Structures are given as C-alpha cells and as structure tokens.
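In the two assemblies presented below, subunit A is common to both, partnered first by subunit B and then by subunit C.
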Partner chain A sequence: MGDLLKRYGGTLTGAFVLLTAFWLLMLIILPNLALFETSFRPYLPVAEMGGPRDVYSADNYVKFFESPGPMSVFGFEIAVPLRAQTFLYTVFYSVVVTVVAFAFSYPIAFYLAKVVSPKSVPTLILLLFIPLWVSEALRAFAWYIILTLNGPLNAALVGLGIMEKAVRWQQGVFTNYDAIVIGLVYNYILFMLFPIYNAMSSLDTNQIEAAQDLGAPWWKTHLRIVLPHSKPGIASGSVMVFMLAAGSLLVPTTLGSTRSNWFTQTIQQAMLESQDWNTGAAYSFLYLLLCTVVVFGVMRLFKVRLSDIAR
Partner chain B sequence: MTDKMRKLLYHIYMGSFLFYLLVPLVIMSGAAFNNNKTPSVYPWKGFSSQWFVELWNDGTMWTSFGNTIWVALAVVAIAVPLGAAGAILINSISGWSRSFLYFFMVAPILAPGAVIGISTILFWNKLSVPVGLHLSVLGQVSYIASFVMLLVLARLQSFDQNLEEAALDLGASHNQVLRRILLPHLYPALGAGAAIAFFQSIENFNVTLFTRGTQNTLTVYVFSKVRSGITPSINALAFLLIAATLVAALIYEVRRRRAAALEAAREAEGRRAAEAEMV
Partner chain C sequence: MTKNITLSRRGFMAATAALAAPAIISSKALASSGELNFTGWAGYDKLKAEVFPAFEAATGIKVNFTELPDQDTMFAQAKVALQSGGIDMIEPTIDRVGAWNENGLLGAFDPAKLAMDNYLPGLADGAAGKRSADANGALLYVPSNWGTEALVVNTAGAKLSSPASLGDLFSADNQVVLRPHSALAAMGRYLDAQGKLPFPWLDGYSDMAKMTQLWDIALAEAIKAKGNVVQFWSGENEANAGFTANGATVGLCWDSTGFNLRNDGYSYVAPAEGAFAWHQGFVMMKNAVNIDQAHELAKWVSTADGAAMWATAFSSNPVGKGSAEKLNPDVAAYYSGTFNDEALSKLWWWPDQSAEFIAKRGEYADKYKAA
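Now for the complex of A and B:
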C-alpha cells in the first residue's frame, strides 16, 4: 500500500482504491447481502411492506422442503420434497455431465499435447474454438433440431437399422434427462478440454518416454505420470463444467421436457413467473451454498488452490 | 498394440471429435436454406432464401442486436478499469488481506450467473433503481472484471518496478509514471481483457435474463424465439454468425501461416549466411 502511494501519489492510489471498492462492495458483497436479507422476508403486496407482517422468518426456506413426492434412489422408493428432488437431480446429472466431458476430452488433450506434431496444434485449436464463438443459445438450438422426432438423428439411426422406429429423445429414453445431458456436454466440453490440455503441455515428454523405456504399459504411464501431472487442469475443468452445467438455464429449457426439471428453472419460475423475489432469493442462496461446497470440496480433493482453479 | 496403430486410433478419435463438434453447426446452417416452416434439414423441401429476408425484416431482432452491442461496450468501458485497478491494488499488498481480496475478486467467476443476476436486482431495488439493461451491465461487470483482473495480474508479474523508480528519481510525476511506464506495459493485457469482456458480454444469458426487465438482447431474443414458435429465420441468423466466425478464423489462420513461413525463411537465411561465413 505504501508502495503504491510512493509510486503513484495520493490521487491515483485513491482512484485505484475507490474503483476496487466500488467493484467489490457495490457489485459483489452488498448484492449478496441483499440476497441473503431478502430471502428471510415474506412475500407481501407493496402496501404491506414494512408493516407488522414484514418480519424475518425462515418460511421461504421451508418451502424447499414442502410437497413430498416419490423418488427412486438406487431402486428404493422414498418420499422426497419436489424441489429438493429437482435440486438432487440437477446435482446428479451435472456430475454425470462433468464425468462424461472428462472421459471424452482427456484423450483429445493428450493428443494435442503429446501425440500430434506441434505444427498442426494451432490449426486444430482454432477448429475446436469455432463452436465457442457461436452463441450458447444457438448451440442448444442446434441439438433441438437434431433430436426432434422427425430430425436427422432419428432418421439416420432408423436408416442404418440401429433402431426400429424414431424415439422422442427430449422426453427421455434412458432417463428423463437424456437430451439435457447431451446438450450440456456439447456446450461445455471445451471448458474441460482446454484446462487439461494446458496442464498436460507443461509435462516433459522425456518422463513419458522414460516410463515406456522402463517397461511401463500405456495405462500405467497415464495413471502414474500423465494423470497426476494434469491434476490442476482436471480440477479447474471439472469445477468449470459442473458450475456451468448446474447453472445453465438455456439448455434445460430448450432441450428438456415437462418431466425434467432443472433447479435454475425452479428459481426462474419463482423470480419471473410468480414474481416472488423472496422465495427466489432463498433458492438462489441455497444454490450459492451448493456451489461453495463444490468448489471447496474439489480444492480439498485435488489439493489445489483457488488460483489454480480460476484461470 | 504397436505405436503406429495407437497413433492411427488417436487420429481417428480426433477426427470424430471434430465431426461431433462441427456437425451440429452444419445441420443448423443447413436448416436456414430449407423451404420448410419448421427448422429442419430432414426432410429436405428445396432451397429457399426466404428466411434471410424474414430475418432482415425482423425489427425486434435488430433492436436486440443493437442492445447487445451497447451493453457489451458499456461492460468493456466499466470492467476494464475496475479489473485493472483491482489487479494493481492486489499486486502491491501481501499476506491475509491479499488472499481475502483475491477471494472476493475471483469468486464471481465461479458463482452461477442466475444468482449474480438476482442479487444484482435485489440490491439495486433496495436503492429504488428499476430493472433494465443498465442493471444487466452492472451484473455482467461484477464477474467480467474478474477475468480482466486475472489477465492484468498475470501481466504485472513480468513488470520491472525499477523502471518506475528510475522515472521518479529522474523527476517524473506520478501521472507520467502511470501513463508512460505502467500502462504501456499493461496494454496487451488490457486489450485482451477488453476483447474477452466484449465477447463474454455478448454471450451472456443468465445474468441478462434476470436483470433486463422487458428489454431484449440477442441471446435472450433467440431464447424466447426458440421457446415460442420458431421459424428458420433463427437458423439464418445462426448461419450468418457461423459464416462470420469461419471467415475470421480463416483470415487468422492464413496470417499465422504466413508469419510462420516468413520466420522459417528467415531462419534458413540465417543458417545459410552462417555456413557461408564458415567457408
């Protein structure tokens, strides 16, 4: 701080502090406090705001645990509140998306970092970037076209004799969330690929060759050398993909059906359709809590720091 | 399995991965030319350019497009100074206060967009500021400034502070130190930050949806079109965006290759000169 004063003088240092303070206070900290405060207030007509019924309570959070419905967990039917069900499904399928994205992009990252000749890497990366430049709404829409009943995917599968007749992908074939998982993986897989690729390209190729010369089979080389080295990239990619998937509203709304609810849709219904900002705030706060738990969980699990994840 | 076979398998996998990434875009573009009321490439009902005409005449689309650009420019104008100031400040402190500030500066990147949007409207509502695109700008800035901060902070690592001290010793004013020494060093990071801010803002959906009020940006407009009756004019829009991306990518690639070829030629020239000297 004294260093800043010496270099830039009082006025400029003051300006730096003010700008940072505006960002952190007005755009980050106070809005989140407002969210927290609002979530404990009842939803009242404007006339009654500040009146005798405007007292703090946890009622909005209680709504999360109301109206139980049947849910099967590992084959057991148990009663779980509907919104909590949506919440659990969202977390579960976001994990599925993260795992699938990792499985598909790991070989590609290795290919780019260690297999292909370095000359063609810039061209390949440019090609990989093309979908990222096309808006997320349009990428989800592309899968909407592909997955419709009379769409090209069904036509191709039936034409090749793999399936007997067209299926409704958006209604779900294996689970209710098929189409959503497909769309989310497509939309966010590159956020997994690039961090892993970055981590892998700093690995010394000599280490891989040494392992091979000493007789390690290919899977052992990956397990003991490549995988541990790419750990920060995997952590960063996993957190990114999980957050993006769980926080997505576009993809579930575009590709989902009435049988598949995403928690962001629950929040959106409270906020924009019922105009009940207090309940919306409570759900948002629960969501923020989930994200915090996930980020710190991954940091613990992979033994990485926040500066490794956010890059 | 031999090395050669494994390499072949890798090439095939890379090929199919690119196919997987790019085919949906091809299908979407194809549907823009199909003479069919619902957007689809199958069944093919003949070539038509009517959806481009429809897109051209779509007033709401143009308004949304204009809004998107204005919001993105405003985000760049606010996020770049905020992020840069944050990075300069955090670079000059250490210890727990640094970790504390760093946490709050980075956290918005990992927070869900919907929550950012909702907390923004709740806070400004308490200050009696109505919803609208101005709040979308502020909501987007809160996390986009974090990207700028990270870029500038990385650039500051390679900054030689002795230059500033030398300038001060030679009698430069504080303003001159900032303008002539620090800022020129940061220009690449500020430029990259501005570009990222611009494109992040154009892409943004979650924050905008909750803060926009009744105004539209392009992503929100596309979304509402996809939900309510869609016509292939959206595909026409997608085709134009993809075409623009491809052209930009092509130009970039050609320029990169030319630079690489030039570099190789210069190297060869240098080698020949060295050899000639030896003889």
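Now for the complex of A and C:
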C-alpha cells in the first residue's frame, strides 16, 4: 500500500482502491450474497412473500438429492438422484475436455516455446487467436452446422465416397456428449495453451540439451525436464478449462445431443422455465461448491499448490 | 355469415368515425373523461407507435400506457394499485386470472358493453369462456391475442396418419423435433385420446398426485419412442435448424417456426387432438375508474381491425372474426391454411400450471432427456 502511494500518489491510489472495492463488492460479493440468501427461501407467489410461509430452510438444497433414476457406472446399474447424475456427467465430461485440451496444447506449446524460431512466434500466436475474434455463440453454432445431418462434414465424406450414408454426428459416435466435448475443446483450448506456453518459455533450453547430451530419449526429457517445469502452467490451464467447460451453458445447449444434459442447463431450467429462482440459486451454489471441491481434490492429487497457479 | 360480420364491422366503423369527428374538434373537452390507464407488456413497440393512436382516432380515448416486463411485476404493481389506484386495465395470460382473482384484484366486465359475438369460436366461449369467469359467472377476462404450438410437417417426407395426430410425433417413421416438456404433454394427450389413461390428462394439472401418475405413464411411453427424436428445441433457432440442418420431418413447434419455413416445403398442421394454445387478454382492476373506456378498448380489440393490429404488434394471432383478412396477406393465408372453424374450436388451451407443477414438469423433462 505504501509502495503504491509512493509510486502513483494519493489520487490515483485512491481511484485504484475504490474501483477494486467497487468491483469486488458490487459485482461479486453483493450479488452472491443475494443469491445465497435467496437459495434458503421457498419459492412463493408474490402475494405470500414475507408472509408466514417465507422462512429459511435447506429444502432447495435437498432437491438435489431427490428423485433417483437408473445410471450405469462401469456397466453397473445403480440408482442415483437425477440432478446428481447430471452433475456427475458434467464433471466427468469437463475432465475429458480438460484432458483433450491438454493433449492438443502440450505439443503446440512446446513447439512455440522451444522449437520454432522466435521470429515466427507472433505470427503463429496471431493465427491461434484469430478464431477467438468470432463470438463464442457463432463458434458453437458453426460446429453445430458442421456436425448436423445435412452439414458440410457429411456432404464431404459421402461425396468423396468415404462413407455410404450420412451420420448424425451430433448424437455422438462414442458417447452422447461427443459434440459438446468437441465444441468445448475448440472454444477453450487457448486457455490451456497459453499458460503452458508461458511456463515452458521460462525453461532454460540448456537443460533440455543437457538431458539429450546425457543420452535421455525424447520422452524421458519431456517426462523429467519439460513436464515438471510446466506444471504450474498445466495446473492453471486445467483449472481454467475445467471451470469454463463446467460453467458453459451456450455450447451444451447448442451442441447437445438428445441424450445429453449439462448441469448449467438444469440451473437455467430452474431459473427461467420454472421461474424458481430460489431452487436455481441453491443449485448454483451447490454447483460452485462441488466444482471447487473437485478442483481442489485434483490439485491435491497432483500436488499442485494454489500459489503455483497464481504465479 | 361473413356478410353479416362485414356489415356490423362497417356499422361499427361508421359509428366510431362519427365519434372520432368531434374528438378531433374538441379533444380537450374529452380528455378528462376519455382516458384509460392501461398496464401491459414492454417490448412491443407497435402498441405505442400505431395501435393506441389508431384506437384514439377511432374512439377519442387516450391510453396512458405503462410498460412492464413480465407478469410477476404486473401482479406486484396491481397489488400496489389496489391501494393507490392508477391502473384500470392490465393484460395477463389467461392462466394467471385465477390467482389474480384470489388476491382480490379483479373487477368484472359487463358483457352488454362488449361485443362477445365478435370473438372467434373457442376463444371466449367453451373451456376458455369458463376460465374467463369467476365462480358466479361474472366475466373477469376477455382475450386480446393468442398463439399455438402444433405440428410442423415436411410435406414431402412426413408419414402422417389421417387425420394428422399427435401420435405421429412418436411414430418410428418420422424424424422429429420436440421440446421435452411439450413432448410429454403431447404424449399424454395422445394417450388420453386413445383412452389409455386411468384419468383425464387435464386432472394432472390440478392434482399433483394424479400428475405424477399420469406423467409417469407418458414418460415411459415417450422414452420408448425416443429413438426418432433428432433434435430438442428450446427457442426458434433450434427448432428451425432441426428441420433444415438435421432433416426432421415432423415437429411440435410454435406457429412462428412453421411460418418461417412455409416456403421451404413445410406446412403447419393442427392435429386431430387439437393444437396446443395460449392466450392473453384484458382484466379490469377492482378499483378501476375509467370503466367505460376499459370496455371500449377491450371491445375495439375484438373488432376485425383492432384485433388484427393488436395481433400484429405481438406477432401473434388475432381474436376477432374477420380479422385474419386484415393481416398481412402472407400471414392471413398461412393462418387460415391451418385453422378452420373446426380446428379453432378444438384448440387445447394450456391449463393453469402451479409453481410446484412446473418444477415437477422440469424434472420429468430432464428424465426424458437423460433416457
């Protein structure tokens, strides 16, 4: 604080502090508090708000664990509450998105950071950025068009004689969530790529050469030198991609098959279709909480600390 | 029949023209008594720009229009206005009327001051008429415009039974576009028409115990037929793309979807069980001051011209006889292609759905989607 004052003077420092406080308080803390308070109240007609039935309870949260339905887990049919099913699928496929995004990003990041001549890097990064100039909605819709029955992918494959009959790609070939995974990876891959690229750039190339000089095969060089060094980048990239994927509403709505359901769609249904903001708020909070638990659990598993990510 | 209506419409127009003439000369003199405080939907700009000026020109009544974004807000405002005054008439949908009346907000219309014969069959009489009145038969609500959800059909590819039925949505011969909760209601009504339900489908809307029983049956049947669903829609875009991009042949969609696809080989068909339909209309506040003016607006919106203008402002369907011809000819042809008098009288109005019902309905929709 003293440092800030010395460098920018009273007026600017005051403006910084006020703007940050406004951001935190008005745009983050107060709305969330309002949502939190809402989530403990029952959904009542306007006339009964503030009346005798308007009391705090955890009923809205309990709904998450109601109405069990069959769900097959590794071939076993077990009864899992409907909302919990949706949550589990969402988390599972968000993890898939994160892993796929990582699989694509790692080699590209390595190429950008260590292989290609530094002169071409700005051009390559620009090329990577160009798709981001198009809005997320349009990108999702473009994938929708590509994957539909009468879309260009089928037209090309059938036209070239590779396939005999058009396929409903959107319904999924491997799982019901194929199209959603494709859309999410496409939309969020740069959030994985750039943190890894950043981390790799700070690696001294001499270390790689030393490993090679000492006879390490390429995969061992990556496993022992490059990967450990990029861990903070991978961790922050993974957290970002996971949270963005799990929180995405647009992509699952646009690209979802007739058998997929993302948890954000459940929240939207409660909020908009049912007009039950109270239950919607409860689901939102539960979702935030559960996703945070997942993220911290995975960080613990891979021995990543929060300070690594913030670097 | 048509001639009669035309005559009465002309008569009405002549009368209003006679009324309007002095209004132009001495609008100030009329201003004190010729006002109406009307609260309605925000976002339909033509109301202010075209409809109210036309109404004022016809009747000399000036409409003070308060725009509100949704019905919950309207309800809250009406509650305040019950103490403070300031609102004469409001425009909710019919399924809210019961709740509004229970809260003691509504006054009754005098049918003698309206022209109840102006309304198209099925809109203000029959089941809709019953819902428009309170227990003692007092008229609380008159319609202003309406819309439907029915079959959008690829004329070349769809395999329809004769006459077309909601059951065609669940036939393996068709590739369909649905929205989950409507699909389950369609299945329920189809089963109901086949006599395969333990009690009428409508009972589910008033009794939650029956609702779960009925919806369990509909859900199980709908899941059996789920293989032919190629796309779920929630908005106009998805519904449209379900046909054009995903090659669906039949869908249960809004009239607007059928309208947008009308030149691409699709038609909009009312099923034998009757199309799903909603309508909104006018209610009068219990403490309304400008009662005659309120009747005048409601009556004007039942005439061919008024109904057509009101419907155009909302991009929906008109309530008055003869108003279809007053619409844009394209819209008129589309509309009369689907709804003859029989199809009109069969319209199935969405019943009142409580908050508890809608939450449960969402749960069934999710189960259907996940299956």
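The rule is simple: the second predicted complex is superposed on the first by the 262 of 311 C-alpha atoms of A that agree within 3 Å, B and C clash if a C-alpha of one lies under 4 Å from a C-alpha of the other, contacts with A are read in each partner's own complex, and residues count from 1 in each chain.
The rule is short, and it goes like this: contacts are C-beta pairs under 8 Å (C-beta built on N, C-alpha and C of every residue); 3 or more make two chains touch, one makes a residue touch a chain.
Remember, predicted model here, so these are calculated numbers, not experimental data.
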Looking at the overlay, does A:150 come into contact with subunit B only (first), subunit C only (second), both, or neither? both
Looking at the overlay, what does A:206 touch: subunit B (first), subunit C (second), both, or neither? neither
Quick check on the superposed pair: does A:253 touch subunit B, subunit C, both, or neither? Answer first, second, both or neither. both
In the superposed arrangement, which partner chain does A:72 touch: subunit B (first), subunit C (second), both, or neither? neither
For A:117, select first, second, both or neither according to whether it touches subunit B, subunit C, the two together, or no partner. neither
Counting residues of subunit A touched by each partner, does subunit B or subunit C come out ahead? B
Kindly classify A:43 by the partners it touches after superposition: subunit B alone (first), subunit C alone (second), both, or neither? second
For A:271 in the superposed arrangement: first (subunit B), second (subunit C), both or neither? first
Overlap of the subunit B and subunit C footprints on subunit A, listed as residue numbers: 144-145, 148, 150-151, 253-254
Going by the contact rule at the top, pick out the subunit C residues touching subunit A in the complex. 72, 75-76, 79, 99, 103, 181, 226, 229-232, 234, 238, 241, 244-247, 355, 358-359, 361-363, 365-367, 369-371
Note which residues of subunit A are touching subunit B in the complex, please. 1, 3-4, 6-9, 11-12, 15-17, 19-20, 22-24, 26-35, 38, 104, 107-108, 111, 115-116, 122-124, 126-131, 133-146, 148, 150-152, 155, 186, 218, 239, 243, 246-250, 253-254, 264, 267-268, 271-272, 277, 280-281, 284, 287-288, 291, 295, 306-307, 309-311
Which residues of subunit B touch subunit A in the complex? 1, 6-7, 10-11, 13-14, 17-18, 20-22, 24-25, 27-28, 31, 39-43, 81-83, 85-86, 88-89, 92-93, 101-116, 118-126, 138-139, 141-142, 145-146, 150, 161, 164-165, 168, 173-175, 177-178, 199, 202-203, 205-206, 209-210, 218-219, 222-223, 226-227, 230, 234-235, 237-238, 241-242, 245-246, 248-249, 252-253, 256
Per the touch rule above, subunit A residues touching subunit C in the complex are 43, 45-47, 67, 69, 82-83, 85-86, 144-145, 148-151, 168, 170-171, 253-254, 256, 258-261, 266, 269-270, 273-276, 279
